[in-house]
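Read from first to last, the chains carry the letters A, B and C; within each, the first residue is number 1.
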């Protein structure tokens, strides 16, 4: 029974990656849930907004790198992030002005808004590919590891090593900061409160003199910021390929719905629930179990519930279960 | 007769093609309570919503302190000193009591603490529950939040659409007491009510509407004493 | 003839699209024109299926790709070469595992429905699901390994029934219908944007299964050389009669054989398309069709009148998916191979949506027109875009980075163009080119 080694394997292959992925999903789900709470439709273009934002950040990163700017051990992309956010926010505001605003004033059914967001998705996807191509882009620079597996083993003397990438630690740190900022904004500022009021009871909010255009604009800016940040963190951690972000749409929606569409806390909780579910169900537990049971009972099989190719089958199943049995989600968002 | 403080005069109109109001007039003097009663479907709420500008009139005018406000949007009328408490969905359910009041005063850029104190004086229970989420309060307490929210703009006229709908009789009495207090502080009250008897009891002026038109108009006491009114609408 | 009547206008629209295809034939080549035509015919059928679901009943299905893939799978299972050795290695055991899996789910559903909510039921459900899953894997895994080990390089799958491929088309419809029934029973009660997300996920899972379960259809190793319902070009080129015929028309044998094969496919597909249109029109104008549209327009009122809304939705969902599945089988027939890697949601689900919306949702002819027009655009935007960009960058220096980049990116103009077209149509002509009557 080697609990310590089992724990290290668990942390290294399940817990730390799950935390990082969960933070990325949480940020993505926050954007989706905000748009749903205020604009009242499911934005299918959110994945490609993440791609667009990451692309913009990558371009600025390249410009910075060729100008010799760097951020030491941290990725240069962090410095480029505000610019990426600004570019994405502008684009998204333009999309609202040119596309969505018309339908909002007509008070069309939410289904129509979703179909419109499909069109926006096409355009954003096409633009991103047009500008940066479809190839994989690795734009992480700076240090690679916070702790390498070797350093860990030397420090602790254990057989198993725990490696923590800088991008993983960064993801968590940035996510915490962003979430704190978001909650401060929503809970303590006048604009933030007016957005919550607008989401709660639109008619009463209008009656109270809350400016709907302002609320909508701030929502889009926040969504762009969250999407870009999530996309950049994901791209730093793994790599950037425009197509991957569309695939992330499903776990992100799953996270938002599981947590309760329209509830920011729910989006965060949902992000981690989905991330950890995906990782635990597709992880091969052979090693961990091997450390925990007597040698005679050590398993031969991989002990992998589902192959990693079925990752999103996990998030999808959770989503379906929640939709069928608990449609308002964990934190009672807006109901079905 | 002196021009009333707020008057919706000879109003004709509805939500769509069909008119609901036919030449209907309701008015309230400064610091007084005017009550609109009538059978179901009489157009009571419609009349008040017309005064507030939530539907466009084919005919008639609305004047506030002599100024014609017929073409102003509801938000603009709020800025002019009118406040409206809808019958349903009149609070922000996921926000705290205090935040609800803050939102009520959204249009004001000056210090609102004093006004909030006044609201807490009027509705002491709200002070106790100021940090509680409004959606978790009881029906009567929610109504108090709704009225308090409307009072945060320091309005000159407070319009209430069936404030006692769905509350218990004790709570209803309490609410009416509060409404009288508000009126005494100089705010005019225009109120639609289903509980005609209790409402007319506290009313300075009563308007009985039938099918969108004025049927009886007089002081509350007179209407209460009128045998025909009693027979038709007050159950004898 | 009244030139402004809807009939005349629609005829003009179809004529305009025909001109596009003729133009491609004349300016590019007839080979490419017929090639585009064949996929356009298939896309039109997919659009018809989706139109049944969205146009008739207002169901928001973003899982079109999954049903297309199931049609392709049906083609493989029906008509690829039988592999008795592979089947013996593990086929029956796999079938047993699948039956066990289905039984587990059925048992879980039954428990959920029969027992009262509470701890007992939750425990029973967990026990059944965990136990069933373990048993399923225990039975399945060794069988899968065995099957995939047989001649892995060339096969590694359970093979097919070796039946004529035309049979695969109704089988595809059936397979898709079964899947649609299961999906519909579970998900159709959801609100429309939730249904969209759910169907999106299901389609991804179906394609993931196809890509990963090598024993089923070789996964990403692909199944090639599926049999054909039309002659092979090489056979035609060897036939003396054909060579003589080709010569009399002034074609060289290779081009002629290629054109004739494509025309044969076109004939087959057109026949199916016409049949589906005829059936859809009959359904649309029938009492059933009117009821479907009444339900779509006011579900609450329809339910209040006693219409079984859930059942009707399920019917439409199954029918539409069957049509899409059949088109999927047809497409795999045309390709002659099953390549799961090519099943992309943008290409298969969302492009079909653009077809239905641009063409006119709720109108069968509109869906067909949309199918032809949008597919033609999808293919031709790239060469036309390239020409346009070359023209735009003609003035630039030959090695200019911008010029290089623009020329390289011409391929991605498709997505942009489709998005812009969709947005423009939704804004200025939301009922589409041929609106619902």
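One rule holds for everything that comes next: contacts are C-beta pairs under 8 Å (C-beta built on N, C-alpha and C of every residue); 3 or more make two chains touch, one makes a residue touch a chain.
No experiment lies behind these values; they were computed from the predicted model shown.
The chain with its CA mean position farthest from that of subunit B is C. Put simply, the chain nearest the middle, going by average C-alpha positions, is A.
For the pair subunit A and subunit C, the distance between mean C-alpha positions equals 31 Å. As a whole-number value, the distance joining the C-alpha centres of subunit A and subunit B reads 47 Å.
As a whole-number value, the distance joining the C-alpha centres of subunit B and subunit C reads 59 Å. By the touch criterion stated above, subunit A contacts subunit C in their complex at residues 41-42, 44, 99, 102, 110-112, 114-116, 118-127, 129-131, 133-134, 246-247, 249-250, 253-254, 257, 305, 307, 309-310, 312-313, 316, 319-320, 323-324, 327, 336.
By the touch criterion given at the top, residues 58, 60, 133, 186-187, 190-194, 196-198, 200-202, 204-205, 208, 211-212, 345-346, 350, 353-354, 357, 408-409, 412-420, 422-423, 426-427 of subunit C touch subunit A in their complex. Listed in rising order, the residues of subunit B touching subunit A in the complex are 74-75, 78-79, 84, 86, 89-95, 99, 102-104, 106-107, 149.
Interface of subunit A with subunit B (complex): residues 190, 193-194, 196-197, 200-201, 203-210.
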